[in-house]
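Structures for review follow.
In what comes next, subunit A is part of two complexes: it sits with subunit B in the first one and with subunit C in the second one.
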Partner chain A sequence: MRLLTYFAFTLLSVVIQFCVMDFIQEKIEHEENAVYLNETTKGKQNSIGILKDYTHNAHALYYRLNAGEIKNVSRTKYSNSSLLNYPFSTTTEPSFTVYDMLYDENISVADGVSTTETFFTSTELDNVTEITLFENTSTTTKPEIIEKKTRYVDTLCYCNFMYKQCDINCCCDDDCSEEENKLFRRCRTHLFVNVRNQWPRNLLTCGENDVSGIFGNLFCIAKTNLPDKRAAVPQKFFERVINDTFVWHNNNHNTDVESYKFTKNLYRNGDPVWLLKNTSIYYIDFPAPFVNNYCSIRRPIKFLQNEETQCLVKLMELEMFRILKTIDESKVINIANNSLNSTAMNCSNLHCTNWTVIYCDEDDCLDFNKTLHEPMCTASFCKNIAFRIEYAFYVYDSKIVNATVKLFAKNIPIAIQYITQKISVKFYMGNTSSERIIKLSGTPGYITGLPIITSFTESNHTNQFFNSDHQNNYLTYPDNKHGLCVKTKNTKKVLLFGLNKRMKCKISIRYISSSNATEACLNVQTHINKMLSVQNKVYVSPYGNPNNVKDDDWLPIKLKSQFIYGQLYSKSSKIQCYNLQTRVAFIFTYAVLSSSIGQVENKLLSAKVDGFASNVTFSTNSHELSTVITVDINFINVNNWMQHEYAGPPHLNLNLPKNFFFPFPSNKECHSYKPNILFINYLCIIALFVK
Partner chain B sequence: MGLYRLFSDNVEIQYKSYFLSKATLFTIITTLMNVILPFIVAYRSRGFWLKTHSFYEQPVIRSTYDYLFLAKTIDPSHAIICGDATGLNAEISNSENCAEVEIQEYDYNADGKTDMLHFKLHLNVLPNNSIISVLLILGMDFQLQTTCELHMQTLGVVDKEFSFPSSGLYYYGDLEFYQSSHLPCINNVIDTTYNTSLLTSPNESQKDVIDFILENYFRRKVTTLVKTLFTKIQNGYTGSLDVNINLRVPEMHIRYQPSVLQELKWAWPQYFSLVAVFYWLFNRVKRFVFSKRLLMAWEIVPWKKTN
Partner chain C sequence: MSKMTNVNSSLAYEILLYLNSFYLGMFFVCEVAMGILKAINVTYPENALLTEAGIFCTLCLVEVIRIFLGRRGNLASKKVPVFFSVILTIPSAVGVCYFLIYQTYILRLEYIWCAVMLMFHALEFVFAILFILTVCKSHRYE
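Moving on, here comes the complex of A and B:
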């Protein structure tokens, strides 16, 4: 029995602790209210009613503090009995009234008792008397003040939108008669969404008056750890705010644009390249994209700064027209030492360099001939349209001794609205033509994006590379021009290190009807092999710089030949070629020489070319045998990923005896008996401790 | 000089009784309650058994060099198809218009995992065939190597529509791991359920090849999505279309079903912490009951002689 009594008491205390405490607290608060609101019981009810409505508008935890404040405010403020008489029984929505009072600084109410609350800053007692007037609650209502009350109520009625006309479901509309109010199913009791400080509804059901459920407010958090924001106190004028506040920017960026002024100095790195036109001097520039890949801005060509750009342009705005005009009118000028003191601006004082213009078509490059190479359009296409422009400036002794412009032209259909033009600017030190300069692909390991160095001779590859025309030093494959394979001097693709690519294009070979099918098929294969530079054995340099690379180290590549034969189907005018290698795959394996990231040098370990045989059917009706060929390029890195090294643990310089953790001595002779004795000793010690 | 308590030990007082007695029954009941009640409390407070768990991992993603690229023009008879879907090669015409394709994998931090995949395509566009949309289906090999070992073939699908003739598409996106259910995650077993090629379409299939591939992929519980970060389109017809697609491989969030041991490991501390409290509580009750002689038992005190 005693035990049960103990349990019962414990349970009771727990219940008191957790369940009844809230109730007690509420009671106390209500009693406190009662003390303050002693004079008007109605007022107290109204105050609670306010909070009831208030809590029905669900609010976040943060606002519960304010709810308490509201209670306090009403408690202290309404010591003046007349103030408490909200027109609840008439047409005013109480929560709106309080809400608006609390959050609208324009409305002033009396603060009869001096409190710490700062929501109410003024003491307009007139308004206080206005709110007091209710027929049902106050026996001292004066009829003449009703108008004032009504006016006040009107200002707070958020559903009265029609002047002198009853708004449906708007119970606070004075224009509505009592009969009309009775017709309304539901009075609007909430503010509109766009009214300020409106918090979402039904987020939290905890509230003083919410006693639904068994536990009521047991699990409601009454306080939060948020700071008690009771009032916003305006701070003093703080000048730093002006600098810290973001404002609209000044869009006038003229000051940012680089302005260049010709000075009589030797060229320095970054100076624009100056041109002389009659007596005026200006710098040469090139088009560049700005936002949408269209050539919309121009940038100066700067001394010793290589550039490469690509942008879209309309046919009429092609850069080549501007270049041809510039070349006709102007010359590149250099300041020589003897011209520094001269004031005259002409070629006698300044060192002038004439332009060299080279016109390149797909096959070859020639000196530009205006009559032959002038761009022109017919109804269907335009010819001699330069889509690629290469500036080459040769510099010697801070002077541009040669200025060359290469125009790579092609014919384009008139239907094409925009042309992608590529412009490159390159400076070379010395007077050696860029074609004769031997370009390495690494130092010595290959660098990604640079061509694979190849030798087409049987031996002496390194010498061949440094002494021959560099055009033949690279592995090339055809370019795709409107779907067709094109491999000429100026139109071809170079096999670049590290880029995994697949290229497709269509080859077309004239079919000679006199030849038999197998010959035709072999002819097609020969043509493909020639296009892919694999008709003979080729050697690939393992390094991007083949200097000091022995012949044996060069990696051979050879396409295995297949047994190709053909069959003619004269009835259907078709030729079937068997084992035709239309797809060729170059597979290179490489390893990273240097371990440091950022300075990677790659060595080719192996290279091979695989042909994939397939049976292809050609139609002989068009007297052309055409098929699509594929070139696959794959680079495989055989390195494992980097092994990251971590800092080792701190090293303690302790010289422990060798058998410190190992009781068995290294002497094998004693191995038979000594360990057993030691082991038994250990066991004995452990047993002693345990006991 | 004062004395300090350095060590203390309890004297054990034993209470003994017959097996068939109220005291024994009381002890059995309290012991059982001590075992069962913590379990009930822990279980009823939810989250006792670990149902789901997740981890973050950057997967090993490699391109399989399989792809299918479809460029639709206004005229449906002139769609441009590039790619390697099995059963498709025979049907592709005008494949020479897929002038050049480049696929690059970038490992920026040299940890053996691809950090970005770059797909580049140069396409010849015939006059009067302006492209209105492009669709790329890129085959990838996907491996998770840490907690839940998984090896599967997956796709990166990029779709973009053009409202005007365009000459370039620059696409930047992230690969995302999307699972419709938890991974089973069995220890020391590599899940290869989905390690089958996706870019295959049986020749005899009556369906559209792309529909077939996408439907097949859609049925999977584990897929990868491509989340667009930003795109840029280069407008103006130039007779070609350059497609540049950059896909980053970020750390991915992977959900899995925990193993039994992991569930036990999770449940044990919850249970044990409650057992300790209940053990203390029941000990107090037992001490009260036996010391106050509420139940009949013989008290054996070590310093008193027993009969």
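Moving on, here comes the complex of A and C:
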């Protein structure tokens, strides 16, 4: 009996706790819905109308209420800035407020945190100071103005994102042949974009300001005691590593649930990709996480199924070692029509495809050379360690005609215990190299997370886009590597639609003592402009698919040049540069164009780049001129410009009785005393939960 | 011949132990549930999850023994079991402190229930000492 009571009591406690949490959760959802509904109704307004309304209600962009105040603040703070040179001279122009807020020294990034989500994308190894500001995630989930999409349904294919190339599982793509369409298992309706560079936000990760209900969010992680990953820990395999004796050992705890049997059939969607090693046939697989983030299971690479995974792994268990061995020993096999009746398992009967291995470092990609690119370790670091692996399979006529493995390598300190390895598998229809495929960023409107399409030529922008190398079609800015700005072919950041970011890094330019100060300052500015791809006029496509977009419709952006001059102080070995633009902001305004099922498309309305001129002092002692540059990328949705970011407080709408404030009524009113007490209790309970 | 009377059992101590036994059950269930939630959602360093699970099991075992000895000693007015219960309070409180301060991921909810557990420990410790002192002083001989 006692045991039963005990369990009943425990169960009751747990049930009560979960009920309270459910209540809090419901409240959160309710608040989110309030925003969502508002946005939907406002989304139907056209952007011009909204901008007109805006003059009457200066959007505070989180907390400022008066447009006049904004203007005054900026003027007093930055008399030397280019704030007054806006094409839109009024303070009602959306980007003005953003620019003003971003460059207000009194507003820290933490201010943004209180109203919006802030993502830090710093990796374990790099001292990256990149921040994603004002993440606007609501736009991707709004099922608004569905009736508008009918405008495009008949003519456009929402999953066709590769120009003159068949998109896998996209049945409405004209580039796909009937045979290719037969291979597809299911037809998708739109592109699933994996928005990169965001901190994976899981259920338990909450910010300091994530407070909901009267108890706050109790399931948030309040504190972590994770070990310092940079601390040098003596390695068990230290001796083996420094002797450069990587030996592959069989992983016996392979926990594949599915088992596959080789059959002599043409590849079908979902079949594993088969390899031939001597006379034995097996399928190729890749590591994947299970339950937690460690590489604990292996999954087969399946025909026509793109995969992307990342997991933590020990240095010795990196996938690259297995791949290098696999590539040496095996070939990808295809069943050809003439081999269906043959019993022998060799490359004379089967269609064999050799592997192509490409080694990529931070600068460039080259063919893998075993003597040059093989991984090796010294006492302090390991070089040529591939932390990212990309498989690319090119399919033609149900056969894999090309199998390419790209190894993205870097040097890492030997003290690091675990490495995050990323593995992606991509299938392409046809034999065109993935480097040459022209990828669109929308159909036709931009989709969040895809690159902004840019033209660096003066005319024929659309033709240029479809005929040039895709490397030149996007706006890029430097990546932060250990605090330094790096921009190479492989190490750079692409400006992606809809992702607001701030990035800071340090540039260094060699100082030639023979040059005068003004010349040195101009050199610095030229280098900054080159890093940010704004040395010349740049044109941005208003749509993610620039097909049929006229030259006049492309949006020009150009950094306004400042009068830069320098002064050399020989005694203190310093150069003072005046009006140097070290802070640059890319500001885009866009409107929701239409929405297909589960996918919102957007049109860019305006684009501009603004620089903030300041006076910078350089020391010439080290023969290097170095300064920190800041890049801000801001996307402003004019559709919900008038919207509150969060729902307002709930309205209880209670009508109190006249005698509510008289707890001791006359005898005549004694009958209403008891209900009043009950009413007060009721109010207290409501206030506690609704607070 | 001497005979000790059984009139020294502490009601407050008994109430605390009685409530603590229920609270331990809730603590155990919720902590296991939170452990599963954390194991699914966040990444633990190597062996950290196993270590924490081991510490937690030990803590629960020690708590059960501590409460059992405390109640037995209190009801029978015997100081030896209560003395051992007091001794076991130390590792038990250390275990709870581990979950309050040093475990890998600490949830806000865990702050609350670990603090409540420590409060139980502190009160029981005080009442157990008072009980032992009472028993030692009140030996009457007939």
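Things worth noting here:
We take it that the second predicted complex is superposed on the first by the 376 of 691 C-alpha atoms of A that agree within 3 Å, B and C clash if a C-alpha of one lies under 4 Å from a C-alpha of the other, contacts with A are read in each partner's own complex, and residues count from 1 in each chain.
Heads up, the rule we're going with is that contacts are C-beta pairs under 8 Å (C-beta built on N, C-alpha and C of every residue); 3 or more make two chains touch, one makes a residue touch a chain.
In this text the structure is predicted, and so the values were computed from the model without any measurement.
When the two structures are aligned on the shared chain, A:505 is found in touch with subunit B, with no touch to subunit C. Once the two complexes are overlaid on the shared chain, A:548 sits clear of subunit B and of subunit C alike.
With both structures placed on the common chain, the touch criterion links A:467 to neither subunit B nor subunit C. In the superposition on chain A, A:378 makes contact with neither subunit B nor subunit C.
By the touch criterion defined above, A:343 lies against neither subunit B nor subunit C after alignment on the C-alpha atoms of chain A.
Once the two complexes are overlaid on the shared chain, A:293 sits against subunit B and subunit C alike. In the superposition on chain A, the residues of subunit A contacting both subunit B and subunit C are 6, 292-294, 312, 417. Against subunit B, in their complex, subunit A makes its touches with residues 2-3, 6, 292-294, 312, 412-413, 415-420, 480, 482-484, 493, 499-506, 597, 628, 634, 640-642, 644. Of all residues in subunit C, those touching subunit A in their complex are 21-22, 25-26, 29-30, 33, 37-46, 102-112. By the touch criterion stated above, subunit A contacts subunit C in their complex at residues 6-7, 9-10, 13-14, 17, 202-205, 216-227, 291-294, 312, 417.
On the side of subunit B, the complex with subunit A involves touching residues 65, 82, 94-104, 107, 110-113, 122, 124, 127-128, 165, 167-168, 234-240, 285, 288-289, 292, 294.
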